[in-house]
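Here chain A shows up in two complexes: once beside chain B, once beside chain C.
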Partner chain A sequence: MVVIGAGMIGAACADALALRGLQVAVLDRGPVAGGTTGAGEGNLLVSDKGPGPELELAVESLRLWRELADDLGAHALEYEPKGGLVVARDPRAFAELQASARLQRTAGVTAAEVPADALGELEPHLARELAGGVHYPQDAQVQPALAVAALLRRARGTGRVRLLAGTTVTGLAEGRVETDTHGPLHCAAVVNAAGTWGGEVAALAGATLPVLPRRGFILVTEPLPPLVRHKVYAADYVADVASGSADLQSSAVVEGTAAGPVLIGASRERVGFDRSLSVPVLARLAAQAAELFPVLSDVRAMRAYRGFRPYLPDHLPAIGPDPERPWLVQACGHEGAGIGLAPATARLVAQLLDGEKPFMDPAPFGPGRFGKEQS
Partner chain B sequence: MTNSADAAGDHESYDLAVVGAGPAGLAAAASAAEHGVRVALLDGAPQPGGQFYRQPAAELRAERPQALHHHWSAFQHLLARLDAVRERVTLLSDHHVWSVTGGSGAFAVHALTGPDQRQARSLTARQVLFATGAHERQLPFPGWTLPGVVGAGGAQAMLKAGLVLPGRRVLVAGSGPLLLAVAASLTAAGATVPLVAEAAGYLGYARGARVLAANAGKLVEGAQHGATLLRHGVRLRPRTAVVAAHGTDRVEAVTLARLDAAWRPLSGTQWRVPCDAVAVGHGLVPQLELPLEFGCHTRRLPDGSAALVVDAAQRTTVPGVWAAGESTGVGGVQLAITEGELAGLAVAGQNTAPRSLLRRRSRQRAFADLMAARHAPGSGWTQWLDDATEVCRCEEVTARQVRDAVAELGAADQRTVKLLTRAGMGWCQARMCGPAVARLCGAPNADRHDDGAPTRPLSTPVPLGLLAECDTNAPSSEGAPR
Partner chain C sequence: MTRGPLDLVRARPEPPFEFSFDGEQLTALPGQTVAAALWQSGRLAWRRTRVGDRPRGAFCGMGACYDCLVELDGVPNVRACLAPVRPGTRVRTQRGDGHDELR
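Take a look at the complex of A and B:
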């Protein structure tokens, strides 16, 4: 097997395939975790997803993350099962949030309503004038680069995995992957885990996958004493993920880290691969964080980083074989949820390649859903 | 013309924003303003002059600040020229620029000022000139985090700004022409300098004889430092490095070793020298966070540092953005002033620069390239490190952790090492450890390693409350929707 991409999805796929006894080469044109993974917050969320195939994938994936934390050590992944707290600014938003939580519960999500006067017990520094919130204990956190490193270390420990960083794929055909530095590699199947660049990789095989970049910024504050306990965000975030608008949609996800800094993230814009700093976007993140936690106003942002989330037109990932090239298995386009969805994605990929019955119906993720109208 | 606030709003508007009021920025501002350009000159320090012309704080009432400076008269001349065009130049000292945004013809410069840098100030300019200078390259060694071990440039700055000595018996070590100047300043201020340890050999200068002959002034300057050092009995040891510092509460002694051409310590050549301070620096690297964030292209200099690509008129690769001084390659104060002059003229639309100025620039640039090649850190310096040596002091990341990330996890660059170890994530944002980490990622047998050049979207920490205000106050920038 050849896995293209040494980010979170590629590492999880390599690990899952190697544990099944398969020989795997993991290629990346850059370093390990050099793309979207290295620029991500490490959100493992069920709270932001409505009922449907993505939530089903997320519930299984968060269960697998708990297993990984047990097997590899929570410390090695910086896994923190801190839970999420979604808050509503006004009674109408609170009503919508409560309705969405009721639906999520039917899909296996634990969601506990928190009245306005009880928010302070969960988050002592939260703004006073909020209408209420919902607590999601399943939401958790990993440090993405460390998680990739830990999974690749375990995979390579089987003796069946080669890591070829700094290797660019120049051609793709059945049974054969051409590379710039390691010549041709022979394989039974190829997993495209190239994330935001997945469309380019698919094109090498003549396949179509309309993956597009969506820019996001994260602000990082100076180190602080523990101040924010959960992943806290305002309810409009849930609406952002499904938004097809090219305009800025941002609602700050605020959280503390073990190392001290508070992370403020989740801006989303469709501006192509534009790496330039956007002061208005950072300003909005800062404003929303200070609105949720007024104490943050005087705290300094130390740095900002940016990445490009890979998204597909219907905001669902592509997982499964290309309809015309069964040897090419797509595993990309997870938008802002790739870290959270990685273990379950890898499980699906491994089951499909192994001819095993998949744990859920993969049809909604089928890459064939774009084929016709795009070509 | 005056610099009143833009009538359209509360934003000040200028023809040119010069970031950095060191020698290059001062020269650029003066020559542009002399040709009618309205200039905002921003600098983080309380007074203009940059690192080179750093002045003692006024309250110290130093009677002869020039005593520690070469080229003081050139500085006075620049200030006089600026004073003559003061109606077109707004000097904004104590302004820390945290971001420059926008595109050709409309740039927004965002700065912080006031006590503790908690006041925001934004201005707009039609063109921007980066004269952001350089900072010292630090290569760690066991014990380098002990109190009493200071940067060579830092020791010089302490002397110039506060007239304070880092110790009584100060060993000077590292590489580069700055070491002689630092040792001369220290001895002139009353310290004992037992030794200047220069990691490079001096033999290589012979290969650049023609360049040296064309830069006679530099030789005289070096000779003056040399004469000062001779008078005080200071020895210069080439091919020698501090490979460890010792002490409990502060440094008490260092271990020195002879080096081979690749800076590998030669076995059996180690000896100990007592001292109560060490001033150490391995050359300067251009300070590029603002221009890099802007997408300006860089080139790699012979010493492995990244510097901005500029054309004959000091234009960077981004339209409307100019650069002068150390940011285009470390070359010292005279080259910085020459580049500033040329940039200022070009910004003002003076298309034909005096040929004498152009000739001076190429002569001084050749000298700078010679120095960069001569003092390029050899890859063998990593042998000074033991596993426990802290490479990143902010996040306490050891050489062992960095090496593991490289060897086991395939980290081949500074960013990946940072993600896997936290090296460079702390308060200094890798300004201190960046070059060392980048060099530790290089292939172990390569002759040359480079300093990397990480981007930093915020070039200085910004309070979230102030950042939030930019949402409505800042002019909208390119690339941002709405």
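Take a look at the complex of A and C:
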């Protein structure tokens, strides 16, 4: 097997395939976790997903993350089962949030309503004038680069996985992957885990996969004492993720880290692969974070990083074989949820490649759903 | 002058001035950063880490690594390698995250 992409999805796929006894080569044109994964926040969320296939995938994936934390050590992943807290600014937003929590509960999500006067017990520094919130204990956090390294280390420990970083794929055909530095590699199947660049990789095989970049900034504060205990965000974030608009959407997702800095996401813009820093976006994120946590208004931001969330038109990932090329298995396009969805994605990929009955119906993620291919 | 490239570049700086480090009066030259002035005084560490209380000073010296943080005129987490030192600047050793008031 060849896995293209040494990010979170690629590492999880390599690990799942190697544990099934398969020989795997993991290729990446850059370093480990150097693309989509390294620019993310490490969110493992069920709270931001409505009932449907993505939530089903997320519930299984978060269960698998707990297993990984048990097997590899929570410390090795900086796994923190801190829980999420979604807050509503006004009674109307709180009513909508409660309604969506009721639906999520039917899909296996634990969601506890938190009245306004009890928010302070969960988050002592939270703004006072909020209407209420919902607590999602399943939400968690990992440090993405550490998690990738830990999974690749375990995969390589089987003796069946080769890691070829700094290796660009130049051609893809059935049974054969052309590379710039390691010549051709022969394989039974190829897993496309190239994240935001998954469309380019698919095109090498003549396949079409409309993965596009959505730029997101994350603001990093100076190190602070523990001030923010959960992943805290305003209910508007969910609407931003689902938005079809190319314009800027932003709503603060605020969380503390083991090292001390507070991370403030999450903006979304469709600006292609433009990496330039946008001060207005950062200012808006900072203002929204300070609105949720007034204590942050006197804290300084140290730096910001940005990356491209790989989105597909219907905001679902592509997982499964290309309809015309069963040897090419897509595993990309997870937008901002790839870290969280990686273990369950890898499980699906491994089950599909192994001819085993998948744990859930993979049809909604089918790469053929985007219509006719280009000739 | 225990450390500094002044001779190498044949610098002829303006007259020195005083600033304080943990209450002690030290001398700096115009244009120096806090880190340069502390190095010149023979000090290599001016921060204690958040985990393990270990000493830290300038590592990269160019603003990237955030190892050289000091408390500058009462503001914590200032990069000593970028902040210019001025007459009367009060520099203090930073302990931990420097935000005990938020604890």
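Here are a few things to note about the model shown:
By definition in this document, the second predicted complex is superposed on the first by the 371 of 375 C-alpha atoms of A that agree within 3 Å, B and C clash if a C-alpha of one lies under 4 Å from a C-alpha of the other, contacts with A are read in each partner's own complex, and residues count from 1 in each chain.
The criterion applied here is as follows: a residue touches a chain if its C-beta (ideal position, glycine included) is under 8 Å from a C-beta of that chain, and two chains touch if they have at least 3 such contacts.
None of these values were measured; they are calculated from a predicted model.
With chain A as the common reference, the superposed partners chain B and chain C clash. By the document's definition of touching, of the two partners only chain B reaches A:146; chain C does not. Within the superposed three-chain model, A:165 lies in touch with chain B and out of touch with chain C [touch as defined at top].
Shared-chain residue A:279: touches chain B; no touch with chain C.
Of the two partner chains placed by superposition, only chain B is touched by A:33; chain C is not. Using the contact criterion defined above for the overlaid structures, shared-chain residue A:99 touches neither chain B nor chain C, since it reaches no partner. Contact with chain C, but none with chain B, is seen for A:227 once the two complexes are overlaid on the shared chain. Of the two partner chains, chain B and chain C are each touched by A:302.
In the superposed model, more residues of chain A are touched by B than by the other of chain B and chain C.
Superposing on chain A, the segment of chain B with clashing C-alpha atoms against chain C, chosen from 146-154, 236-244, 254-262 or 362-370, turns out to be 146-154. Shared interface residues of chain A (contacting chain B in one complex, chain C in the other): 222, 259, 299-300, 302. By the touch criterion stated above, chain C contacts chain A in their complex at residues 50, 66, 76-77, 97-100, 102-103.
Chain A meets chain B in the complex at residues 31-34, 38, 145-146, 149, 152-153, 163, 165-166, 217, 219, 221-222, 246-248, 259, 264, 269, 271, 274-284, 286-287, 289-290, 296-306. The residues of chain A lying in touch with chain C in their complex are 222-225, 227, 259-260, 295, 299-300, 302. Per the touch definition, chain B reaches chain A in the complex via residues 99, 101, 108, 110, 293-295, 395, 405, 408-413, 415-416, 419-420, 422, 425, 427, 429, 456-458, 461-465, 467-471, 474, 476-482.
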